[in-house]
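Next, two complexes with chain A in common: one pairs it with chain B, the other with chain C.
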Partner chain A sequence: MTGAIVTKPSASSQKPSREHGRIYRILQHVVPVAVVLVVWQLLTAQFRSPFFPPPLTIFEAAYKAWFTGPATSLFLTDTVFEDVLPSIGRLLAAWGIAAIVGVALGLAIGLNRIVRDYLEPVVELVRAIPAAATLPIFIILLGAGAAMRVSFIAFGGVIWIVLINTILGARQVEQTQLDTGKAFRIPPLQRLVGIILPAAMPKIFAGLRISLAGALILMVVSELILSTNGIGFQLIQAQRSFALVQMWTQILLLAILGFVFNWILSQAENHVLAWHRGARDRS
Partner chain B sequence: MVLVEIITRAGLVNEAFLPPFSHSIVVAGQLLFDPRFQVDILATLGAWGLGLLWALLVAIPAGILLGSWPPAYRATKALIDFVRPIPSVALIPLAILLLGTSIQMKSVLVLYAAIWPILFNAIYAVHDVDPLAKQTARSFGFGRLGISAFVVLPSSLPLIAAGIRVSAFIGLMMVISTELVVGGDAGIGSYMTRVQASGQDTIYVYAATIIAGVIGFIINIGLATLERRLFRWQPQERSE
Partner chain C sequence: MTYSTADAAAVEETERRSVPMLSVRDLRHEYVSGKNRFVAIDRLTFDIEEGQLVSIVGPSGAGKTTLLRCLSGLMSPTSGTVELAGLPVAGVPEGMAMVFQDYSRSLFPWLSVASNVSFPLKRLKLEKAERRRRVQESLEAVGLAEAGGKYPWQLSGGMQQRVAIARALAYQPRLLLMDEPFASVDAQTRSDLEDLVLDVKARFDITILFVTHDIDESVYLSDRVLVLSRAPSTLADSIEVSLPAPRDQISTKQLDAFVHARAEIAALIRSGGADIE
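Coming up: the complex of A and B.
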């Protein structure tokens, strides 16, 4: 009997305390990753293929490449300042421009029937162009500098994702809500900020998240061609000199960037759209 | 497009850099009948089709398995989470070293890029199959395999098809990116690098871009039409 009493709390602790739940969730993520790392290490150490160096070797090279700089620059190496940060800077600049232009244009197209009828076919056509195929055109028009890369990332691909999602979002605003706003004579700007943007936000956020992943891909593509610095440049340089460990460090870095970007945006999404999650669950 | 036409005709920019749109269209039309360029188109489409086919063959069964059998999903989730953040284009240099500049190299990259949308859509689709439908089938004496074939697969196909459409587009982008980077002997991207390297008229680059866009458009519209035809019976398709 006493046994039953003792086990009862643990049996009902299917739903553990908050603190427990957090530790459990972290473990649930950490353990499998650790297993993958160990298996990866064992396999690569076993087969010794020059193409697939062991992860420990890659991590060591990555540490050497990025974190062995002088103390004055926070132990970061030159390549962090000359390749990694410029790459990230170009990516974020392009993404920011595309986000602003894309959301503004998308709202204009999505809310205005006349503009929509004229521009939607054009949008449909242009976005069907595989982004990479426009890169030579950006090179022709803008040369091989940072301006070309930023414009390619922004207008070659990213903006279409933002634009299309914003149009969809703006179209989903309920007419009743818009009419109510008009009936109460709420000024247009307030209608935009108070009614339209919140209603379109979930779709816009989805577009922003996907487009950041797209921006990372386009950043790499743009740097694989005619570049003089950047993560993609280091990647292709490593390949040309058969420096496979270095190449893998760049792949690792890009994977980490992809993961971090996605994580930050989904956190932001959860935060900003907390009300929406709840609203959607009910429906 | 009209805007581009007006800007170029008005002589606002140098015609060598931005040719009039109508001119590019004409050149694109001529290019379609150039046997050398036809080889390029076929090379691109070949690598794309092969890679996409492999992606289908891998991702659909894998997605159905992972979606319907939670232990398999839990076991592979870490691996998927690990590999997935790697941007597909970051693997171009590795693929070149491993496989040279062959068509296999391009299709392997397409496979890697195209697998994810199909896989995830398949997992979600299978996972979200109406449990009532499954139970009904079970009470009618269908076995595990029968339920998979007659209930799970049909009801998850529309979402899988939507994934295929996304994958098809990503795959095309991947082939052309790869061709731009490696040059190689044939492909739309290779053609563009050849034109630029040989200092030919830039209008050919524009023409090739237009053709790439038309191919992308046709693939997209084609698959969307096919989806509508095939899944007209699906309630979620009808409501959309």
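Coming up: the complex of A and C.
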């Protein structure tokens, strides 16, 4: 019988080089960052600008700001509970809602050629509007509270990115795969969940990742104006009172949050889309 | 008149076999795009008896794909009728499975081989044990008993097409449609897959409609070959193939009957206005 099954090399022969590979990859990530930090520290210590405090100063201020609280609250300070967690909560709530609605709508639009032809240009147009610029509209409509902020993040930004990517994902499902579903009389719901959704998943995940990064930005923007708490609020307060080290600690926090969220989503993507990497690598 | 159970079964069997598995009458399909009209197939009429393997050959552009899409219910013909075991086909009929030419786009890369094969079975609401048995049986029938846990993209082209065939077999259709299934594999693999089709037909007593542009393949596999003319395609001729079983890639192809059938079909196709290969 002709044909070959391409198998992975046996575990035992791979172990040493796989371990080496992992260590090497970790170093690849850590070393450049460490180099940047060292250079940054040296430069800022040398030039002593009040606008650019050295990283070590920032780290120390950050530790003082968040981790010097009472033991009863896990050593976390008040600001963690009053600013950081509410901000993250609003971010995740907005992103979650917009992601679900966006994927559902995106599939509905993407699969119906007529609807798609009419709606896709509109979505493209609205998506092109810089989300931050629409903040005043949300303030007028919904006031200055948490509802406004969550709506702004969700419907000013996240949903448009998720929508356009999901529509693209639904469009490029292979016709043969759809024909297969029809030829075996698979019912429409099972076709949607079992064929279209998995086939569109790579594009959907791309939309989720991009929109999460955007959501972080919008979270901050929504807290720069008319806010009373949040990371963005702390950021703008620090800037206004020239507490520049504190301002930088908020920036540091945002960088860490962005990195962590992206990492979590990437891990989920690697798990859900393991087949996609394999299939792509082979073709 | 009362029948004993054995008689009743025999009568039912005879009645069943007297209705052709597939009956096509005056099938016509026209593609309309703006002002352009293109008639792909016209006045196509033929029957396929149960248990036969019938090939359809024709020059490129002869509407073979159009015909298959109409038969499978994926497309509605402009006019004409298609009946499967006596029942008119409207939409995709029950009891029919299809193997597509492009296996890499027909199998689902997010499912394992075994999951791909069992995917169409979910709708049938079989018991889990029965479903698993069918999957195992069909994978074994195509020579992939050990490959259930692999993913399609880990397999070679020929093996992927075997998975597609296994998927169709597990479904236990009455009619199997195959749309130029071996056009995208190399010649060596093609020979192996052709023998697999003969194996499967003998083992499962299944009716097969096999579309191909390869004349050798059509004669080697079939009981009958339907030759299509160029578009607007109609039936140029129906050639009975009487080759002995079991067939073999080397000895069968040396028989006079094979050579003559092949020549006759090639001549028909050429006179239809175009060479095919």
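FYI, the second predicted complex is superposed on the first by the 267 of 283 C-alpha atoms of A that agree within 3 Å, B and C clash if a C-alpha of one lies under 4 Å from a C-alpha of the other, contacts with A are read in each partner's own complex, and residues count from 1 in each chain.
By our rule, a residue touches a chain if its C-beta (ideal position, glycine included) is under 8 Å from a C-beta of that chain, and two chains touch if they have at least 3 such contacts.
Just so you know, these numbers come straight off a predicted model, no measurement behind them.
In the superposition on chain A, no contact is made by A:Leu43 with either chain B or chain C. In the overlay built on the shared chain, the residue A:Trp275 is in contact with chain C alone; chain B does not reach it.
In the superposition on chain A, A:Gly194 contacts chain C only, with no contact to chain B.
Note on chain A: of its two partners chain C and chain B, the one contacting more of its residues is B. By the document's definition of touching, of the two partners only chain C reaches A:Thr180; chain B does not. Once the two complexes are overlaid on the shared chain, A:Ile264 sits clear of chain B and of chain C alike. Within chain A, no residue touches chain B in one complex and chain C in the other. Within the complex formed with chain C, the residues of chain A that make contact are 1-7, 174-177, 179-180, 182-187, 190, 194-195, 198-199, 201, 275-276, 278-279, 282-283. In the complex of the two chains, the chain B residues touching chain A come out as 1, 17-18, 77-79, 81-82, 85-94, 96-98, 169, 172-174, 176-177, 180-181, 188-189, 192-193, 195-196, 202, 205-206, 208-209, 212-214, 216-217, 220.
Interface of chain C with chain A (complex): residues 72-74, 92, 94, 96-98, 100, 102, 104-106, 108-111, 119-120, 122-123, 143, 147, 150-159, 162, 171, 188-189, 192. Within the complex formed with chain B, the residues of chain A that make contact are 32-33, 35-36, 51, 122, 124-126, 128-137, 139-141, 213, 216-217, 220-221, 224-225, 235-236, 238-239, 242, 244, 247, 250-251, 254-256, 258-259, 262.
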